[in-house]
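Following are the structures in question.
Shared chain: subunit A. Partners: subunit B in the first complex, subunit C in the second.
The block that comes next holds the complex of A and B.
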């Protein structure tokens, strides 16, 4: 194994996988279940009669329930934004930004984070038990869209008694959800913070996703999507998918800074195909640890949802129409080295928002960390988030936060 | 102007070393207006407009530092280039579009002014007057590009690529067929040059000028 994996990690891996499997139907999260009387109508043209949504909340709602912030996770994220992940034990994916005294201050705001539709951490997805058959949905799960995810979140908010959100925030696919929220439910969104995202998935991004899906489906253990029933998992295919995708989350600079051409625990190349380079070893580790916690079919579904996302298309091809008359305050953030959702993608949204007359801020942050910068230590992102939320909270009539 | 009772006291601003031109600009904006500040810098004017004029004030700023500072203070600022991004705003999107000490740094001043008068019903433009007597004297006596408090950067480093004089600007306003509603010139100590003086006096004594413009017709400017 590589130096990136702790000595005992190999023995832990099956344990992590078992934990992940458990989360699918009985998660370590609050859960709301909607019966057949409250089906979720999907863009695919069918209804999902048994919807389960797993979610976490942080902080307390105020009396008027006007301090709620919904944070939306990215492709392989989950509802555990600001608590240790019950599967991996790692910190929540947005603990940099969400917590007591942090920019999304849980002492001031009521923060809601749910697993997306199609996910594998407790919200209905292809790995979930299909009540109609008593088996996992697998490919019987209808293909879902970003809008379906948002509509499911709206049902969760209804359940929680949140009429209007102070803010919806998220990066990457989370940012797509933010944009969809602002377009679908403008009256429920006072402010929106889409980070490192785009109003549509580019051809290049679809292409990368297709490589990942083909890797999964080419694995003989995928079994036409029925691997759970047959007691196997397409580990190798999903790991390759993750390796390819992971490259797109970083930047050339960041990879070079981290690894350069350094060799992994050896003085010379082996003249073989072992992981000679540190970067190879790192990617293998990324792939291997990912497959323990994430369901392969879920990866197909969620990547597909991103591919289908093209907000303008739903509004006659004019993005500005998606935000026509919007009273929502927007703040967009991009990162200079992000080539998956480059600054131009954010700027296109800004232009559309300008054209529709919406209130919008937009900052491009200098970072060499690539797309993943939105999950990392980026002081400017923190300052912008804090300033934007402070101002939104003030305008929404919330009492001022504590100093600092 | 019926805005004298506002807290925009120029003498106070002057004595505190503040920017009088911002106060003059803000005074030209009717309270409660929708305003776009092109080249909003660190957001000082946006804040002034929001706090003293209750405006819905938004900014475009080229420098990342300016944008991040503004957004961190809760202002609506976008990172962008006036020379490009103004094209994306619809007609009549704002009551006022402001260009404060930025005209001389644009690549296409005429185009920018046209866009401002298209996007906003009124435009407010402030700029350093290259026709000020000190600039003229510098050029005449030293034969060098002037360096003053308002123009402190040498020619090879300055972002100010399109300096003009008050007379030059007035001519451009005529070319654009815009209406000049108000004009204020500030001398080097930040005092207003008296209103009844002829243009050539303004052009000589005014170190900075602030103009309030509007379209002559309701349609798009030529």
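The block that comes next holds the complex of A and C.
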């Protein structure tokens, strides 16, 4: 893990950023700031000045800078892919895959992970200082898109001197970024690994996100998005949003295996509205712990970015056009029990890539873990990732890995 | 439709009951009240005195009172199965199936529909007057179960002089009541038609209900359940609960067919947090219209009753034991795109009925309408219902119907 001095003093999030810095002795992230002369032009039609990006790197770049892998996080992830999260103290969200000797091998590759635009862990988002007002943006932050997120990452890569990525990889919203990278910057992406994702958000997915946003905005402590200035947080609404979303990350089978209909106390069902079933107390815990680490407005912005994502729409309604002439090597992965991004979503991407003549492989992994499988112990995912990266690395001219 | 003078003056729900009476000139429901000497003994271990049941009847009982069909409503339904709802002005929830010449033919059968215990349309529920305090029960109402609901319905049947039902029919929570009727009162049920239901609520279903309850209880206007006394209503929380639940009633295909990713205004996406997609404004409308007709505490009680339902649990963990020696004729129906009560839930009931030697038929109807299909235009459901009832009626000694 490479550490840098943090410079993200513009974040106004009291709980999250401050807590992050209190609880670790070392700076919690690298940060790059772009001046007013380097604004990020957004899909919303405005320019965002003073962009700041918080990121982590793992491993070292080789002399040719040809061993860089960008990993893209999902809705509630952050830059801490492979180091303990400074806020929660828990392992990084992709420590299953990223690390020394792991499928995304940091002894071989230079891995970059940045907090998305609109996030709340150091990259510019609604809790950041609005230079025009001296207060937190709140809803004055323009709505951002997946493409805006990717364009911000491209600025980070320029800053780091990475011209071409060996691979971009990510699951769920991270996979959307991978697809957008391949479409927007085909010459900068040698290989792409989109996992458990889709080229657009379904009506059902939009509906679930809308419920979450309504839960946040229904909380009187949301205050029209100005809660930070008013010294409150819409933690109850955000917890409800997280609970609803969390159900969609798991399969019914996974919930059954974990909890079934087991009561907290079999001998004494409460016949009341306390958490009687284990699944209820689990969900409540998910909601409560989430509000400790996530900003409510960021939740609105990042879910909105996912809802707007429709890659085909930007290419005349034909997804294959997004990848026309692409030389990027693709590997897609889906999971049988993922009902948020079911296999048919991945298959639609595969068909488009086939139609555009791109190089693509596809694996549907049998798993009962639901959407979250991409974050969990899935040996087949590990083997596929290792094999795909090893093959891409050789083709890109890197020396063989330890097993290669 | 048989009308009666309403006597449900004990209901304290300001919006719902009062509105119901303002907007229709005729009494909106029949009501039966049981004195303190006829308490309902609840699964929670306490007795509920002064039980009141609001109900509708359609058609006329025959001389032998052998043509009675009880229809049981789902979570947010009420007694208005086949007449315009006095609160919403919309058609009754089962006018597709119940009426003159319809599959549940009110020219042939005497159809009874009552508001469930814990409901908010006239039957005793948390918004009713607690005789012990002179105020609304709120959370002082004991938690009720599906069995309690059925026991209350049995008291209503006694009052109406119906000894044995030709059939009990219902979908979703209504189907749970059908199963409970068959288990608790096999001698009173000649035939049973449980649709789109299960013998127990899955962990995922409990989880979705818990999100809804948390949304209600997170609303500061819930006031620990005492909102009626304090002159407020937790309408924002209840609307969020309804939105989340509503998604589970539809299939992804149905949402896609209805809305796809269509924007409200294609030319001008707001790039904001207004309802940009049609599915968002639809969901918001669902939430807003629901709070006009439903009591928040009732939502807690009735969802809880569904969560506790586990018919096998009451019979030594073996579902077949619930139907041991049963002479009831069963017909089960499921829908292919119902992911709330998938076909496997119905199949588990069929297996148990087979094991207990009961008479059972089963149809899985191909539909892309999701769980709500049981309330919608489904010709196959109509044909199955008509055929099953006609056969049951002949076997029960009724003269043939018009088509019979």
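The working rule: the second predicted complex is superposed on the first by the 375 of 404 C-alpha atoms of A that agree within 3 Å, B and C clash if a C-alpha of one lies under 4 Å from a C-alpha of the other, contacts with A are read in each partner's own complex, and residues count from 1 in each chain.
Keep in mind that, in the parts below, a residue touches a chain if its C-beta (ideal position, glycine included) is under 8 Å from a C-beta of that chain, and two chains touch if they have at least 3 such contacts.
Computed from a predicted structure; not experimentally measured.
When the two complexes are overlaid on their common chain A, residue A:195 makes contact with neither subunit B nor subunit C. Contact with subunit B, but none with subunit C, is seen for A:351 once the two complexes are overlaid on the shared chain. In the superposed model, A:51 lies in contact with neither subunit B nor subunit C. In the superposed pair of complexes, A:359 makes contact with subunit B only, with no contact to subunit C. Contact comparison for subunit A: of subunit B and subunit C, C touches the greater number of residues. When the shared chain is aligned, subunit B comes close enough to touch A:390, but subunit C does not. In the superposition on chain A, A:117 makes contact with neither subunit B nor subunit C.
Once the two complexes are overlaid on the shared chain, A:305 sits clear of subunit B and of subunit C alike. When the two structures are aligned on the shared chain, A:178 is found in touch with neither subunit B nor subunit C. Judged by the document's definition of touching, no subunit A residue lies at the interface with subunit B and also at the interface with subunit C. Taken in their complex, subunit A has these residues touching subunit B: 329, 331, 347, 350-351, 354-355, 357, 359-366, 380, 383-384, 386-388, 390-392, 394.
For subunit C in complex with subunit A, the touching residues are 43-45, 139, 142-143, 200-204, 206-208, 210-211, 213-215, 217-220, 236-237, 239-240, 243-244, 247, 250, 252, 255-256, 258-261, 269, 271-273, 275-277, 279-280, 283-284, 287, 300, 304, 307-308, 310, 339. Subunit B makes touch with subunit A in their complex at residues 56, 58, 64, 67-68, 70-80, 85, 88-90, 93.
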